[in-house]
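Here it is: the structure, laid out below.
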Amino acid sequence: MVYFILKRLVQSVFVMLAVAFLAFSLFRFVGDPITQMTGVETSVADQERLREDLGLNDPFVFQFMRFTTDMLQGDFGFSYRTRQPVAEMIADRIPATLELGIVALLISLAVGVPAGVYTALRPKGFATQAILMTTLVGVSIPTFVIGIMLIFIFGVQLGWLPTFGRGGTVQIGGWESSLFTIEGWRALLLPAITLGVYQLTLTMRLVRAEMMEVMRSDYIRFAMARGVPMRKLHYRHALANTMVPVITIIGLQFGGVIAFSIVTESVFQWPGMGLLFLESIRFVDIPVMGVYLVVIAFFFVLVNLIVDLLYVAIDPRLRVKDV
Amino acid sequence: MLVIKDLAVKFPSRFGEFTAIEDVDMTIKPGEIHGLVGESGAGKSTLGAAVIGLLSSPGYIANGELSLGNTNLRNLTPDQAHEIRGDRISMIFQDPQTSLNPLMTIEDQLIETIQAHSNVSDSAARKRAIDLLEEIGIKNAAERIKAYPHQFSGGMRQRVVIALAICTDPELIIADEPTTALDVAVQSQVLDLIRRLARDRRIAFMLITHDIGVIAQIADRVTVMRKGKVMETGDTPQVLGAPTHPYTQALMDAVPPLDRRIARFRVPEDAGAAGVVTGNTAEKWLLEGQQHVLTGLTLQDICVRFAGPRTSLFRKPEPYAALRDVNLEVRPGSIMGLVGESGSGKSTLAKAITGLNTPSSGVMRLGDEILPAGKARSRHHSSRQLVQMVFQDPYSSLNSRHRIGAILTEPLWFYGFVQDARERARLVAAMLELVGMAPDAIDKYPHQFSGGQRQRIAVARALLARPRFLICDEPTSALDVSIQAEILNLLKDLQSMFGLTILFISHNLAVVRQMADDMAVLRNGVIEERGTTEDLFARPKAKYTQKLLSLTPVMPREWQSVG
Amino acid sequence: MVAFLKRYEGLWLFVHSPAAIIAAIVAMLIVSGAAFAPWIAQVNPYDLSSFSLFDGLLPPFWQEGANPQYLLGTDDQGRDMISSILYGVRLSLIIGLAALAIAAVLGVGLGLAAGYYGGRFDAIVMRIADVQLALPAILTALLIDGIARGILPASMQQDLRVAVLTVAIALSLWVNFARTARASTFVQMNKEYVQAAIMMGQRPSRVMFVHILPNILGPLLVIMTVDLASAILLEATLSFLGIGLPADSPSLGTLIRIGMQFLLSGEWWILWFPTLFLVALVVSINILGDFLRDVFNPRLR
């Protein structure tokens, strides 16, 4: 078990290093950082001095090591566009994106898991066919179209909910949260649904497929043959076994949620990391792009480590040694 | 008492209804072990599923009576049927590895089952569960009950499965191939347990199996089924010893006896494709290729190691020895039988010879030439042609996306035997005839053939490489016993026609006795005993061989027809 | 007939699945409309001289003030909506199919080889796939687009937009193919027909492409349809974000982005018709993908 966790940890470090390398290559090779940092009036000699000061003439490996150590100490460099420290810019935006992502994920789980279980247990029912068809349409509508439709219906036609921004936020420590005001929740609702719908359909289909697979397994048939009450059979035996693969995929999906928040944030002008990333792409603001990558990968790796721990908690085969 | 009358089960499908079983009559008295035998497709498992009410969708009972004691099992609502399951009828599945919920302790699964059918407290249920585990032979049950299924060995797991099936004192247990996945020693213990439960607790067993030996050992009565119908039913000694139905007779003829060697199996004429056609082009082609050189194989001190499971980042994984110092000599032109239970290293040895894995030490010689091991053997090495293999599973050994013609011509052009495409096709057709198949098979795909036919095609493919050394890795263990008899006959014929040297790998002692001149017994990667087959069966020296021979279920001699 | 259908089970299932038939018809209609756009469309939306500002903002034919020549109305430039949409679908499909082809060749090749050789090569490919997974599709595509902006001179950027977009989408989709191909190859490697081929001494390339590949086509075909839908969605999303194709050579996503400007002003057709076409196309492809999955994995039925 310790080995299992350690192995995953090593893999995570590898992924992070690879992404850091990607970010570093971006910074180093896409455009010349010196011309980006300095104006037209800077002399060539000054530029060369700066190059030397920043260590851009050092061997490549050296530079990468320095880049990584800087990052580990929280030094993420400066934006080409705003000249602010990137760390601050991103940190300001993290709460908005995380709250959006987590609420969206919760919506997708709260609806997706029960719907998946229902459709798996009644594969031939009318409701099941209807749900399946709806989700098929659900995965086929691009996120931004869903966002536009929600804005059109609830914002423009009905005028119930705001269509952009975060509404009322509360400052808690360094964390700007919209979860503590009604205005904040009203503003969060449409973007979170938009982002959640796609994940919801994926979750539902996955739970359904896994559950149907489990329902066919020998141990479920044996439990049937022993007359274990149906309720226990479905929820204690089948659902528990279904969750093992499902949480893995949900872990993988969290990365998708964060990434797709780029689109949602753009549609709703939600001031999160995604919007910042889009702006930085438009202005070729390489440091911000690179750091965004690293942050996204970090969340991905973190969530997957948590998933691995959950795995160990659920599955005794990973927890208990053979006697 | 279970009474079945005129039972029919149908499966509606989009091409009309398929009748799985019909006109089935059967009664099982309390305490009776009723064997149900038949080959695949006979409807044995369907009958079992129909009795316990777990027919897989969309199957349904179309006709007949089905009652247990005074209860008519056909009139139950789904809820009532579910209450009877476990309470009065229970079931044991084939594979103990997959029958238990991996996420729940044995204790939870037992208590849950007991409480599902009787209103008892947790502690009372636990006590009953522990007593039961003790009774069926799990030592230290009070402690072991806290364990998860993966912490038990295969045999222990099957005991737990049986405990789960009997923990509610059912009247009838349907055991669907309960020992097929187990090794001989464990099988004999599980069979003893079943016998004891039938005697002491008066539980009726419907014992579904394809293994006549198992039936002969413990069944009181037998029903023989074929294609959904009952062929014959009666007391075990009568049905197995003096069968009246021609199908049962043919079935008994096909069962290889453990205690003597018969020249050929008697195969009914109508089974088709029985004999080898002699004198055709393929035979001449093979004979002209071999120049009557017999090629033997010697293995010296072969060791094969695999990396074990890695348990630490800092320590190297413990290597696990699949084969240790294996010495073996296959005499030119003879058949060497290699016997061992699952996991003994039989297939590892075959892979070492064919170069699919790399022994860590030892020398292999084919004839006088040293066989390079694993990756060191070049793709063009002569042994790639001289050594051919017939695999266990005819459903996976032929590429399902290629036509038979493409599969069979491949060795001809690949080894450069025949350049002309038309010539190749002619030879392939003749070879199909030689192995007892119609030549029009060339244009078909593997899925259009039965398992036995596919195995014939696999044999044809091996022969088309003009091999001198043939490895048969469990060539009949995926086949029904009557098909097994045909394939074994075929292999015997071909061996005597072409003087092939054969390494015949099997877990089935009786089959090896019929086939092999010499044999070796493999256990945990070590050869326990070697010798001529007759010697080894008559005077086994190693303890392990003696145990294997004594525990393998056989028919009493007096029941056997004289072959 | 029954015998014929029995043999081609997929065809039988198709004939009896109304959803799949409708989806196939819709997809065929849209695809052929796009393929023959230059001959069907009344105006060429890329050619400024073929339409006129005077025809701008005309509603679809059933509304008042419509010009029956433009069935689904016109946009603010006076372009016929149908023509714009057909050309838009055409562009979206070209990019989607090209990206799919690149992703399939790259992914299946690497996946097959990883499954066949195993060991270190497999580990390297899968670690790269891990990294790729940590950066979801849309992020990869955006990133490649951003890099192209940084590296390519401004003059080339316009010309290479389609190529950049295609590569960006292809790189974000190859992992699916690689993982599926690898997993299926692993299963096939344990099959005895593969061992027989290796034993014979056949070349690895022959074992992989002649023996294994035909046996893993089923799951790959499913991935292919699902990923074609993803590719089209991804292209639309990127264009919507203003990072894909510019307004003078509009794909479906660009058309929707342009239409967004008219969301509040009442010219609803400029937004909703392209959206409708996009959704109809993707839904049909996904229904067909689902159908294929059922055919190849009968146990889920």
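Remarks
Note that the chains are named A, B and C in the order they appear, and that numbering of residues resets to 1 at the start of each chain.
By our rule, a contact is a pair of C-beta atoms (placed from the backbone, for glycine too) under 8 Å apart; a residue touches a chain by one contact, two chains touch by 3 or more.
Everything quoted here is computed from the prediction, not taken from an experiment.
Once subunit C is taken out of the picture, touching still joins all leftover chains into one piece. Just to note, of B-C and A-C, the chains joined by more C-beta pairs in contact are A-C. Inter-chain spacing, taken between the CA centroids of subunit B and subunit C, is 47 Å. Subunit A and subunit C have centres, each the mean of its CA atoms, that are 24 Å apart. The multi-chain contact residues of subunit B, meaning those touching 2 or more other chains, do not exist; every residue touches at most one other chain. By the touch criterion stated above, subunit B contacts subunit C in their complex at residues 14-15, 354-356, 378-381, 384-385, 387, 389, 391-393, 396-402, 410-411, 414, 461, 465. Of all the residues in subunit C, the ones that touch subunit A in their complex are 19, 127-128, 130-131, 133-139, 142-143, 145-147, 149-151, 229, 233, 236-237, 240-243, 253, 256, 260, 263-264, 271, 275, 278-279, 282-283, 285-287, 290, 299-300.
Subunit A meets subunit C in the complex at residues 11, 14-15, 18-19, 22, 26, 30-31, 133, 136-137, 139-145, 148, 151-152, 156, 209, 212-213, 216, 252, 255-256, 258-260, 262-263, 266, 277-278, 280-282, 284, 286, 289, 293, 296-297, 300-301.
Partner subunit B is touched in their complex by these residues of subunit A: 3, 6-7, 10, 217-230, 232, 236-237, 240-241, 244, 314-317, 320, 322-323.
Per the touch definition, subunit B reaches subunit A in the complex via residues 52, 54, 82-87, 90-91, 93, 95, 98-105, 109, 112-113, 116-117, 144, 147-148, 150-151, 161, 164-165, 168, 310-313.
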